[in-house]
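In what follows, structures are represented as C-alpha cells.
Below are two complexes that have chain A in common, paired first with chain B and then with chain C.
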Partner chain A sequence: MEDQYTPGMEEDFKAEILEKYPSKLKKKRSRQIVINNIDDNGDVPQIHANTRTTPGILTMRGCSYAGCKGVVLGPTRDILQITHGPIGCGFYSWLTRRNQTRPETETSANYMPYAMSTDLQEEEIIFGGEKKLKAAIDEAVALFNPKAIGIFSTCPVGLIGDDVHAVAREMEAKYPHINIFGFSCEGYKGVSQSAGHHVANNKVFTDVVGLDDTPKEGKFRFNILGEYNIGGDAFEIERVVEKCGLTLHSTFSGNSNYQEFVSAHTVDLNTVMCHRSINYLAEMMETKYGIPWFKINFIGADATAKSLLKIAQFFGDKDLIAQTQKVIDEEMAKVKVVRDEVKARCEGKTAALFVGGSRAHHYQELFAEIGMKTIAAGYEFAHRDDYEGRKVMPSIVVDADSRNIEELTVTADPERYKQRKSDAEMEQFKKDGFAFEDYTGMMGDMENKALVIDDLNHYELEKLIEHMHPDIICAGIKEKYVVQKQGIPMKQLHSYDYMGPFAGFEGAINFYKEIDRLVHSKVFGLTKAPWETSPELSGLYGWNA
Partner chain B sequence: MGSEALKLETNHAYVSNRNSCKLCAPLGACFAFRGVEGCIPLIHGSQGCATYIRRYGISHFREPIDIASSNFTETSAIFGGKQNLSTALDNVTRQYKPSVVGIASTCLSETIGDNVDMYISEYKKIREDAPALIYAATPSYSGSHMDGYHEALWALVKTLTDPEAEKGNAINLISGFVSTEDLRELHAILSSFGLSYTLLPDYSESLDGGSWEDYQKMPVGGTPVADIKAMGKAEATIYLGKAVKQERNAGYYLQNEFDIPLYSLDLPIGIELTDRFFEALEEATGNPMPTYWAKARSRLVDAYIDGHKYCSGKKAIVYGDEDFVCAMVSFLDEIGISTPLVATGAPSASFKKRIKALVRNGEAPEEILDDTDFETMLELAGGIKPELVIGNSKGYYLARNLHIPHVRCSFPIHDRIGGQRVLHLGYRGALHLFDEICNALMQAKQEAAHSGYTYI
Partner chain C sequence: MLLRHTPEEVKERSSLTINPAKTCQPVGAMYAALGVNRCLPHSHGSQGCCAYHRSALTRHYKEPIMATTSSFTEGASVFGGQANVLEAVTNIFNLYDPDIIAVHTTCLSEVIGDDLTQILNKAKTDGKIPEGKLVIHANTPSFKGSHITGYSSMVASFIQNFAEPTETKKMQINLLPSFVEPSDMSEIKHIAELMDVKYVMLPDTSDVVNGPMDGKFHMYPKGGTPLEGIKSMGASTKTIAMGRVGTLAAAKLLDTKLKVPYEMLDLPIGVGATDAFIEALRKAAGASVPAELMVERGKYIDVMLDMNQYTSGKKVSLVGDPDLMLGLAAFCKENDMQVLHVVSGTKPGSKFEKRIKEICGDDVIVKTGPQADMFYFHQLLQNDKPDLIFGNTYCKYIARDMDIPLIRVGFPIYDRIGHSYFPVTGYRGGLHLLDQVLDTIMDRQDRDALPEKFELVM
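This part shows the complex of A and B:
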C-alpha cells in the first residue's frame, strides 16, 4: 500500500498540510506542527501551544467551564455542583466523563449523578440571575445539606453582570456550616479547557485546601494530583499503593471527597500525574505549606513500578522500599505473561495519539511495552511545558487570551509552613538524580523526527490517516467515527470507550488485551465489500452486469 | 439563621433544574441543518457549545458530526463576534466547499445582541461567491433543542424558497425530530404513493451512513437545496409535529407565502395517528393507500391482539420532547397502557390539552407536567407505582431507582447500540415499539417468577 508509514515521511506530510492553508493560518499551523528534531544536547524544538483555535477550524477542544466543572471538580462526589447558566452547558456535562467513585457507605453523599442548573431564562438574562442562583442554593441546602457547594459560571453569566462570588459569600453567611464558593469559568475565557483547570486550582487552593489540620491515619502519607478515575483507574492505583504500605491521603480528584481535600495540606508529599491540569495546585501547596512535589505516572506497568519506587525512596523507609519492591515483582510477573503474548502479535505496529494534556504522553508508555511505536502525537489543550518540559516555562509568552486567568500570589503560611525534608536530605536527593518539581515533557520521550501536532484539527486528522495509516489512533469521541469510518481502529482515551481501568498493573493488562483486540479485529477488514476489493467480482454481484 | 437547613414546603415548586429533561436550542438547529445536502452547521459563540453539541450528537448517532464554531474570545464577547463569524465562514467554506452554511446562535452571542442578519448581508457583499447562509436564532434561555430544530427548518424554508423556482415536487413533508430509521420509513411511505416529494430535513443518511470507501468531507445525503428552493411550488405541505410556534412553522410560512395547503399532524406513532397521516397523504396526493401499508396495518392489529394480555392495564412513565410524548401516549392508550405520569422538559402551554385529547380510551394522566425535570418525575413516581419507563437514556435512572424496565426511545440514546435507528413511525414503527414494550414487560415478569417458565 502506498500509504504505509515510512520513517522520514513527516516532512512531506507537513508540507502538504500547510500548502492548503491561507497564509496567516499556514504561519500559525507551521509552528504547531513540529518534526521532533532532537539536537545533540537532547533539546527538542519549540512548539506553539495554548493559542486560540482559528474560527471555523474544527477543534477537539472544549471550554473553560468544561475544564473546571467537568474535569477538575467533576470526579469529587460530595461537593454539590450548581451550573449557573442556561440549560445546555449543565446538561452536556452531566455524567459524560464517566469518572467513577466509591462512597464510603451506601448512604454517604454522592452528587455525581445529579446535575443541578439554574436554567437561566430570558428574564434573568435581562435582569440578572443572582436571585435565581440564591434560590437554587437554598434548594440545594434543603435537599442535601451538603458540606460544600460549588457554583460554576457559564458564558452568559459574566456578561449579565452576575457576581457569583458575592452570592457565594452571602449564602455562606446564611449557612455558615456549608462552604460555598464560585468559579469564574465562563467558557470564553482562555482558549480551551486548560483555562478552567487553572480557575479550578485557584479556587480549590484558596477556599478548600487547608481548612482542617487533621491528618488521615497512617504512615507515609501523600496525595496524587491530576488523577480523575476514568474507568476505575483510581481504584487500581489505590489497590497498589495500599499494598505497598503507603497512605494515599487524597486524590485530586478521582474517587475523592471533600474531607480529604480540606486536610490535603497535612501530607508530606504531593505527586503529580496530569501535569497540565493541576501543576498550579502542587506549586501553590509547596510555597504555602512546604510540601515537595514530583511528577509520577501510573499509566504503563514499568512507569507504575518506577513511580512507586520513587515514592518509597522519598520516604526513605527500608521496609517500605522492600515491600514496594516485593509488590512490583509480584505484579510484574502477572503483567509479563500477558505482555509477552500480546507483544509477539503487536510488535512493530504503529499508533497515533491526540488527546488531552498528558494522556498523549503517558499512553505512549503502554504502547511501547507491547512493541508499538508512536509515530505521531499531540495534545488538545496542553502548554509548551507539557511538550518541551518545565525548563521552558520562563520563556513562555502569555497572550491576551490567557491573561484573563488569575495568577495567585502565594506566600508561606506563617504557622503551617513546614519543610518536609531537611536541606541536606534534599541535596542528597538531587545528587541521586531525584527530580523534584520537574516534568520533562512529551517530546523528549518521543523518537527523533516523530511528528508532534498541537490542537490537531479534523482536516489534519484526515490527512494523517491518509498518509501515515497508523494501526490505531487514540483520541476522543468526536474523532472516533471519522477514524473508524475509514477502517482504522480507534480507542478513546477520555472515556476509555467505557472500559478500563488502564492505570497501574491490572490496568496495563487490560490495555494490552484491548489494543490486541482492536488492531487484530477482523471487522475493519469488512469496510470494503468484495466487489470493491476485487473488481472482477463486481459482475457476480451484478446489477450492472 | 442557624446551621439547620431550611425546609421546603410540600409541593415546593423548584426554581432550579434538577437533572434536565431538555437540551439546548443550537443542538436541535444543528441536526436540522445536517439534514440538508451540502450543509455544514456553524455555531456562533464560544467553541465549548459546539464541542459539547458535537459530542452529544456523536454519542447518539455514532457518526462523525462536523459542526464549526466562530470561536469567541473574551474580546468578541464584549465587542461582538462579527470578525469571528467572517473568519469562520471563510475557513468553513474553504475546507468543506458547502452549498449551505447553517448558522445557529448561542446564549452568548444573543446575550450581547450580535446582529447576525446584518453580519451575513455584509459578508455576502465582500464574498460574492459565498454559499447560501441561513441563520437560526437559537438562544437557549428562550427555547429548548426542539425550538432550535423547528427554528432552523423555518429559517431554511424562508431563506431558500424561491418564488421563481421551476416546478417543484408535489408534496412537502416537513418532519419533527425523529430517528434516522423513521426518516427512511417516511421515504418508503411517500415513495409508495407514486408522487414526487420533498422530505425536510433528511438526515437519514448524513447522520446514519455506511462505512466509507473514501473519505467524505461532507457526508452524503440530505434534502437537496434545489428541492427546498422549489417547496413553494408544491401542492400540499404535511408538517409532522405540533409543538412549534406558528410564526416559526415552516409549513405555515409556505401556506402564507405560497398558498400551499397545510396539514398539521402529530407524529404518526400508533395506529390512530398513523391512520391520520395516511388519510392526509391520500387527500393530498389523490391516491389511495397502497395495499402494502394496509397489510402492515393489519399485521399490527393482529399483534395488538396477540400481545394484549402482556401490556393491557400496565402503567408507564413517558417523558421527552412534547411531540414525541404526545404521540407515544396516544399509542400507549390504544394498547391499553395507562400513563399516569407524562412529562416534557420545556415549558408548553399546549401540552396538557394535547395529551388529554389524545387519551381516547383510558383515564387521562394524573400528572401532565411541562417545564419539569427528572428529579421531579422521580419524586412523583413513588406514589404512582409505574411498571415501565419509556423515553431516552437520561431517564434510565428512573427505571433503576424504581426497579422497572426501561424502553429506550427518541433522543438521546447513548447506552444502547442502535439508538439512532429506533423505528417509531408508521404501522411498522408501532409494531416495533409494541414488540419492545411487550418483551420488556415479559422479561420483567419472567425474572420475577420463581418457576423459570419459558412459556409466559
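This part shows the complex of A and C:
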C-alpha cells in the first residue's frame, strides 16, 4: 500500500485492518469502519455506532460519569457538585476539562475550582455510603450554602445499593432553600460517555429547568444547548450574539449559572451545538414548553455566520437581521485576511478527526475554510443519528446497554406550554426551507468515499497513520503523543491544547493560525540527526584523505 | 479569587473531602506497571477508570501512556467480569503483543467480588495466554489507600509472581524506589552505577515515560525493569527500599518469601538521606564511594552554603505524598528553612508524624488521611502564611490567591515539564531542587524590592 493518501485507498485500508481481528471482532468492526459511499439520492451508508467497546481494545472512550459530571454539569459554576464514591473519579474530573467561567461579581458563587467527594472507604462500601453522603451534604451546606447541589454516582454506589435520589429528597427537606438532586451516572452504565449525557439531560430537565418563570430582560431570547466553554468558546459566542442584538438566556452549560437554568424554559428558541450530548433536553423542552429547536454550529466562520443569520431569521425582525448581517460583514472582513494568508500555505493538506460526538464534524468546517481536506473522521461516543442524520432515529435498534438509560415520558405543561410560532408561520418557515430539529449528521457533509470510523482504537490509528499519513490528526489527550511521536502534528479537540477560543469569528482566526503553526512547525524537521541520513563511509574517506 | 469560598476558620469535617491531596490506587498501579519492560497495564473495571488514569499520566508526562481496559458494562457488573478478562487477554496478545499484562482491579470489580486469581488461572488453562507470555494482577480497590498504595501493591505483585527463590545468591542489590519521577529513577541508578554496584531496580519508569522524540511510536519503550531482572531479585543479597509507604509491601515480601533482607530508608532527597542511601549501598555491596560522587556532593553543599542567606528562615508548607513529604521536609531543614505544615491525603501509618516531627520540630502541623485535603491545607496557610509552597499543580490556585510562590513537586504536575527530566533525588537532584527554590525566592525579591534596594549581584 501507498504511504501517502490517495483517493480510493480506503477499501484496501479497511481490509488490511480487519485482517488482523478475530472473526467476531472483525464482523463488528467491519460495520464500524465505513467507506462513505454516498448514493445518487445523497443517502449515506449505515454505520454501527453506540455499541460496546471490545474488552482489551485500546479505546479513546470514557464512562457515563465522565459524560454526566465531566461534560454536561461540570461547566456550571454555582451548582455545588459532590461526587459520591471513592476518591478517584472526583479527582480526575477536577478542572481538567478547561471549562472557563466568569462569575458575575468578585463574590458570586463559583465552585468550579473545588472537587468534592465523599471519598468512600471500605467500611462504607460494606455498610453503605448513604450516611456519609448525608453528612457530606451537611458539611457542604455549612461551608458553602449553595443554591443547588448535584450528587454524582460512581460505579460502586449503584452496586452497594445507595439510593442517591432518596438522600437528595431527604436532604432537600432538611434544607428547603437548596435544590438537591442526584444523578445515577455510574461508570458502567451504557457503553461510553454518551449514557452520562442522557442521564444528565434527564435530571436537569426534571429537577432544574422550569423552576422559575422569570425571564431574563432583553429581546430575541434564546438558549444555546451543548456548548461547554472550553478555551473560552462561549465567551466568543456571547460577544458575537450580543453584538447582533440577540439575548442569550442560558448556555448549557458553558459559562452558565443555576438561575439561567431554572428559567431557561422562558425563551423562544433553543439552538443546539453538540447534538449528541444534549439533543434530549432540546426535545423534552419542546414537548413540555413548546420551544422549537434547530441545530447550529459556531465552529467555522462561515458556519457561525450561517447560524447567526438563521437565528435572526427565526425571530424575523428586520432590524435584527440587518444588524446581524452587519456584524457578519465586519467580522468576516477580519477573518478573511487571516484565512487567505493561511489558506495559501495549507491548501491541499489532509486532516483526520476522531473526537467526541460533534467536534469531528464541526471542525471539518474550519479545515475546509483553509483548504484542508478531511480524509477520515469518526466519533468517540456518538450514535447513528450523529453520523447519518436524525432521519435514521426511528430505525435505531435499542440494545441492552441503551435500554437501561431512562427515557422520560414528557407531555405538554398544562399552563406553561406555549407555541412560539403560529402554525402559519411554521408552514412558511418550512416553505422557505428553514429546518427545525434538523441534524443531518456528519457523513452527508463528508466527501464521497471518505473513511468514517466509529470508536477508533489505537491499532487502527497506527494503521491509519502508516498508510494515509494525514498532515494533521485531531483527537484527545490519550492520543496526543502517540501521534506526535510519529512526526505527525496533533491537535487536541477536547482541550484545544490549552488554547482557544476556536468558536465564532475570533476563534476561527485563532484556529487557522494554530493549524498553520502546527503543520509548518520546524521542530519535526529536527528529529533526524544529519548522520542518520548521510552515508557513514563518507566521513571515513574524509578522515583517510 | 479562584478559591473564594475557602474560609480562614477551620472546622472539623468527617465526611466531605474537598480538593483531595491524593488520588485512587489504580493510577499508581498503572504507573508502576509501566516501569516493567514490555509490560502492558490493564485496568479491570469500567473503561472510564482507564481513560482517567491514562489521561492523568499523559498530562503529567506528556508522553504516550498505553493501558487497556476490561470495558465493563452493566451486564458485566451484574454477572462478573470474567468473560471481559478472557476476551481482553486474547485481544491484547493478538493486537499489542506485550510480554506481560499487569492487571489491576478497580472499585467496581472489587465490589462485585471478581476473583482475579481464579480468572487468570482459567485464562491459562483455556489457552488464552500464549507460550512465554505472562499475566499477573494486583488488588487495588479505589476505596482503600491511595495512588501510593496502588503503586506499592503492583510492585509487590511483580515480586510475588516473578521473583524466584534460590539458594545461590548473586552479588546484586535490589533497589525499590517509592512513587517518584523517571528522572529520580535515573538518578538513583546513576548513583549505583557510579559506585559500580550491580542492582535490579523495580520499577524503573525512566526511558519509558520520558522517552525521546525519534519519529516513531514505541508501544514498549526501551526502558523498564526487564523480566529477567525481576526474576533474579530473589538472588540478591539485600534490598534497599526508599520510601516506606511506597515500598514496604514489596520489601517485606522479598524478605519473608525470598529471604532477601531489606533496609528501609527515606527517599534520597537532600544531603542526609542521599548519604544514608550511599552508606547503605556501600555496606550492602562492599563498594567504595567514587570521587565523582564526592564532587556531586560537594557541589551541592557548596551552593547550599553560598546561598544560605536566601533560604535560611524561610517558612514553607508541604502537601503531597508521604514518602516525598519526608524527603522534602529533610531538604528544607538542611537549608535552614522552617516547615510549618505537612499535609497528605494518603494515610502513612503511625511512624510518619513522629518522623516529620523529628525532622521539623514539634511545632509543625501534620495531618494525613481523607480530610487532610488541599482545602484544609489552604485554610492552614490562611492562618499562618508561608514564604513557599511545595506541592503539585493543584496548589497553583492557592499560590495565586495568596500570592505565595509554588515549587512544583509530586503528582500530578500538569503545567510544567521539568519533573520528567530533572530529579529531586541524589546530590544532583538536591542541587536542581535548590536551584528552583532559589530562582523562585530571588525572582520574588527582585519583583518586590524597592527601587533603591534592587540588587544587581545576589
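Here is the rule we go by: the second predicted complex is superposed on the first by the 531 of 545 C-alpha atoms of A that agree within 3 Å, B and C clash if a C-alpha of one lies under 4 Å from a C-alpha of the other, contacts with A are read in each partner's own complex, and residues count from 1 in each chain.
Quick note on the criterion: contacts are C-beta pairs under 8 Å (C-beta built on N, C-alpha and C of every residue); 3 or more make two chains touch, one makes a residue touch a chain.
Predicted model only: the values in this text are computed from it and were never measured.
Overlay on chain A: chain B and chain C clash in the combined arrangement. Of the two partner chains, both chain B and chain C are touched by A:His458. By the touch criterion defined above, A:Lys174 reaches chain B but does not reach chain C. Of the two partner chains, neither chain B nor chain C is touched by A:Gly254. Contacts of A:Leu159 after superposition on the shared chain: both chain B and chain C are touched.
Of the two partner chains placed around the shared chain by superposition, chain C is the only one that A:Asn110 touches, whereas chain B remains out of contact.
Of the two partner chains placed by the overlay, neither chain B nor chain C lies in contact with A:Pro470. Within chain A, the residues touched by chain B in the first complex and by chain C in the second are 22, 25, 52-66, 82, 85-94, 96, 113-122, 124-125, 132, 135-136, 138-140, 142-143, 154-156, 158-160, 187-189, 400-401, 404, 458-459, 462, 476-478, 480-482, 485-487, 527-528. Those residues of chain A that touch chain C in the complex are listed here as 20, 22, 25, 52-66, 82, 85-96, 106-107, 109-111, 113-122, 124-125, 132-133, 135-136, 138-140, 142-144, 154-156, 158-160, 187-192, 400-401, 404, 458-459, 462, 476-478, 480-487, 527-528.
Interface of chain B with chain A (complex): residues 1, 3, 5-8, 12, 14-20, 22-27, 42, 45-49, 51-56, 58-59, 62-64, 66-78, 84-85, 87-92, 94-95, 106-108, 111-112, 139-142, 144, 209, 211-213, 215-217, 375, 394, 397.
Interface of chain A with chain B (complex): residues 22, 25, 52-66, 82, 85-94, 96, 113-122, 124-125, 132, 135-136, 138-143, 145, 154-156, 158-160, 174-177, 186-189, 400-401, 404, 458-459, 462, 465-466, 476-478, 480-482, 485-487, 526-528, 532. The touching residues of chain C, counted against chain A in their complex, run 1-5, 7, 11, 13-20, 22-24, 26-27, 42, 45-49, 51-56, 58-59, 62-77, 84-85, 87-92, 94-96, 106-108, 111-112, 141-144, 146, 211, 213-218, 345, 370, 375, 394, 397, 414.
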